[in-house]
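Across the two complexes that follow, chain A remains constant while its partner is chain B and subsequently chain C.
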Partner chain A sequence: MMFRIASVTLAAVMLVMPLSISAQSKDPLSFNRLMADPETRNAPPLKDGIHDPDNPATDRLQSPREAFSALPDANAGNYVDWVEALQDGLINPRYDLQDPDMSPTVMDLDIVREVKGSMPDVVFPHKEHTEWLDCANCHPAIFIPQRGANPLSMAAILMGEQCGACHGRVAFPVTQCRSCHSRSKTPADEAATQKEAQ
Partner chain B sequence: MSVPKWVNPKALHAGLLASVMCAALVMLPGSKAWAEYGDVVINNYSEDSDMRPVVFPHWFHRIRFRCKVCHGDLGFEFQAGGNDINMLKIIDGEYCGACHNGNIAWGVENCELCHSGKPGLETHVHGSTLKSLVTPGNQGQ
Partner chain C sequence: MSESVIRSSALLSSARHHRLVPALLAALLASGCASTTDARQDQSATAAPVTETAAVTPDAEPASQSSATRSKGGPVGSSSLRSSPLESASLGASLLAILEETNDPVIPPEKAGNGAAHLAFIARLIEESSAAQQVSDSSNPAAHLRRNEARAYYRSAVAASEAGDAERADELGKKATKMMFMAVRLAEADEVIEVKHERDYRRRLESVNALLDAHERVGAEDELGTSFSQTREVIRQQVARAETLHQQDQLDQARERLDAAYVALKLSIQAAREGQTRIRSLDFATKEEEYQHELTRNDTHQKLVGLFMQDSDTSEGMKRMIDNFLGKARELRQQAENQADDGNHEAAVDSLNESTGQLVRALRTVGIFIPG
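Presenting the complex of A and B:
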């Protein structure tokens, strides 16, 4: 008798499961499978899909989830706000190969790039960049250190040039539009742009 | 397979089919790679030398070093696979070998800690915009 009840229950569950799944997919609030499920973010090397689980040392590698647990969240990339983590002193990465006490020469200079389209203007903060990098990392190979000498294009950036040398590879990805396009145009700016267009 | 007479064979059939479909649905997302943004796979010479490709975790290193240390002091170009690194250079103290020498970080005898990638992976930056644009079939890898 017990076996019979269990079997009927099992058969009923098997029949109902596909129904409940199809009901879920019709729900307008259901999760989009094309987007990364938050549960899968920062997966341990054994489950991340590029480390070989058959490699004997893979399980000795640290899980990013564990390392990131104390770091501030972000919406993309590693889902870590690296700039905030550094500025708040949560991490203190070394700045020089030889000298453990060397600190970077931080340059606090914002460069505003007026953009032609309807997006807000770009504010490039030297401060956050010089906290991580040396001037020579960008100048003069990627950006000529001269006003007006570097016409930027999103197409080039998407193809990994200019800002795309890091953004879209390791620094926050280019899907974070408003992180760069962050200064709203004033009505005077817009009037000037329209006048230029005429 | 012996089935009690009271079980409707059609229902059993439908149930089995349904469970197989459920399993397939559950397994689908498992085929994606969820590796960390910025992980660099380097397979310039590895597999030709019967070693697994190298996986370099950017995230792990940027917790410990700012970009300038490797991309300035050590001369790493901003280009996956663009540095022509080989084991001779590493043993000689260049590139990874500046730290991976057994003093600062573990030494070169721990082959499998770096050479840990799945066989067949090509040189690329995981999650890079460039890769998703140029090879749409490999999105997310």
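Presenting the complex of A and C:
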């Protein structure tokens, strides 16, 4: 009897203890450094460390949280999925400075870049980029439009070159690995890649 | 009155601002422009911004004071301005008086009252900023006129501030700022604009040439036939005509033609490649080439560790673990470099792979998930 009571008590303690620990600990996502505290995201102009809090006009600016509230969420940057927002028609940016009726020339062409190691291969989608950009924005100043002419390096990208010319500045940051490394390596892919190389 | 009329009729390429007044006045009178609210309200909608905003309105006209206070940034104007409203018949004399009075530079307000900091900023904008310098250097009398209007608004703002009307002072301060920015836009020298247009043309030409080369490769890779190549030849001719126009200093027409060629080129490439997926595989001609690639990859992972280690929340225990992985990575990298120096690039590649593997473990310890 005593043994049963002790067992039940011990079981109860073991059950409650992890719950209490998790309740006491910080946000379970705190281990992942890429997940910033939601409270710090898109801070209002008076607290964002960018605008002058002593300027009387600063508090007249609309808060990003309010402005972005109706837009799709993302996990990094300013936490808005701007591509989805555009595709859903939630925003309608003007494409040309002179001609309000001009629309982009969208090209649906995917470039798959094989990578070494365990990371999935990179897929560069022209479609999502040409919805925002013109060919001349990247070609040839950033990327030469020629196979084999653009050896890519994550180090260079992190330093603001190549893809880093935009990503991390005006587009989602390179901490979103899966956004680009999105094509898993499969035996079929590897076979197809070898055939392409031949 | 349009900007071009002011610029061409005044013919004042090098006059200082006080010498602009008689010629500017003549130009304004000749073109029938008025700088009173009444006169401007009669202007058509096609009038340039110069005429659309009131430089001096009965409400905004500077309060009267003796001329001795003019240079201190205080209110200026004569009692006659307030007592007799500006009428078209006395436009010339009134405008001349205003221009003469507002020619003097403004200074920040002497009293540190409410809004004084903002007014001081406006004073600096009008007199000391790079924009002010640009206006001073400009040969466009309209730019100088706008700056004088800004000065007049500023003096009125200071008077309102000293009278305790903060809201009015703020409103007039904003008008002063707006006038100054209009002055800056008018002050942009033709040389600056032309240099920009030329640079833009060169960049567009570079893009067109790069895409023409890509068009040729696409045609060859996909075996698209003669019509595709004929399209390219037509575009090349367009580009050649654009270059001819450019050499004849007809930049606008050249750019127009070049843009048309550019659009045609984009559409042609889009049609050829739409819906495709192109795979760029990692092929190395030699082990040495692969070794160079692995070196870059190793560098990248090292930089990533450094980047994510900047977080001060990393505990001491975690730092020791990471240092352990980094130490092993360094040793393996050194081993790889030694092997490469001995010509054994195959072994060097393997060593570098292991080194990068240690860096991946360090990154996972930092909290960055890398699959594997």
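One rule holds in what follows: the second predicted complex is superposed on the first by the 151 of 198 C-alpha atoms of A that agree within 3 Å, B and C clash if a C-alpha of one lies under 4 Å from a C-alpha of the other, contacts with A are read in each partner's own complex, and residues count from 1 in each chain.
What we mean here is this: a contact is a pair of C-beta atoms (placed from the backbone, for glycine too) under 8 Å apart; a residue touches a chain by one contact, two chains touch by 3 or more.
Small disclaimer: the values here were computed from a predicted structure and weren't measured.
**Q** For A:82, using the defined touch cut-off, is the partner it touches chain B, chain C, both, or neither? Pick first, second, both or neither.
**A** After superposing on A, A:82 lies in contact with chain B but is clear of chain C.
**Q** Considering only touches as defined above, state whether A:136 meets chain B (first), chain C (second), both or neither.
**A** Touch status of A:136: both partners.
**Q** For A:180, select first, second, both or neither according to whether it touches chain B, chain C, the two together, or no partner.
**A** It touches nothing on chain B or chain C.
**Q** Quick check on the superposed pair: does A:158 touch chain B, chain C, both, or neither? Answer first, second, both or neither.
**A** Touch partners of A:158: chain B and chain C.
**Q** Is A:147 touching anything from chain B or chain C once the two structures are fitted on A? First, second, both or neither.
**A** A:147 sits against chain C, while chain B stays out of touch.
**Q** Under the stated touch criterion, name the partner, chain B or chain C, that contacts more residues in chain A.
**A** More residues of chain A are touched by B.
**Q** With both complexes superposed on chain A, which partner does A:40 reach: first (chain B), second (chain C), both or neither?
**A** first
**Q** Please write out, lowest number first, the residues of chain A touched by both chain B and chain C across the two complexes.
**A** Chain A residues touching both partners: 33, 56, 136, 158-159.
**Q** Which chain C residues qualify as touching chain A in the complex?
**A** The touching residues are 118, 203-204, 206-207, 210-211, 213-214, 217, 262-263, 266-267, 269-270, 273-283, 293-294, 296-297, 299-300, 303-304, 307-308, 311, 313, 353, 356, 360, 366-372.
**Q** Under the touch definition given earlier, write down the residues of chain B that touch chain A in their complex.
**A** 4, 6-7, 11-12, 14-16, 18-19, 21-22, 25, 28-29, 32-39, 41, 52, 55, 57-60, 62-69, 71-74, 78, 98, 110, 112-113, 115-119, 121, 125-130, 133, 140-141
**Q** Using the touch rule from the top, collect the residues of chain A that touch chain C in their complex.
**A** For this pair, the touching residues of chain A are 31-34, 56, 105-120, 135-136, 139-141, 144-148, 151, 153-155, 158-159, 177, 192-194, 196-197.
**Q** Taking the touch rule as given, give the residues of chain A at its contact with chain B in the complex, in rising order.
**A** 4, 7, 10-11, 14-15, 17-18, 21, 33, 36-37, 40-43, 45, 47-52, 55-58, 60-62, 64, 67-68, 76-78, 80, 82, 91, 93-98, 104, 131-134, 136-137, 158-160, 164-166, 168-170, 173-174
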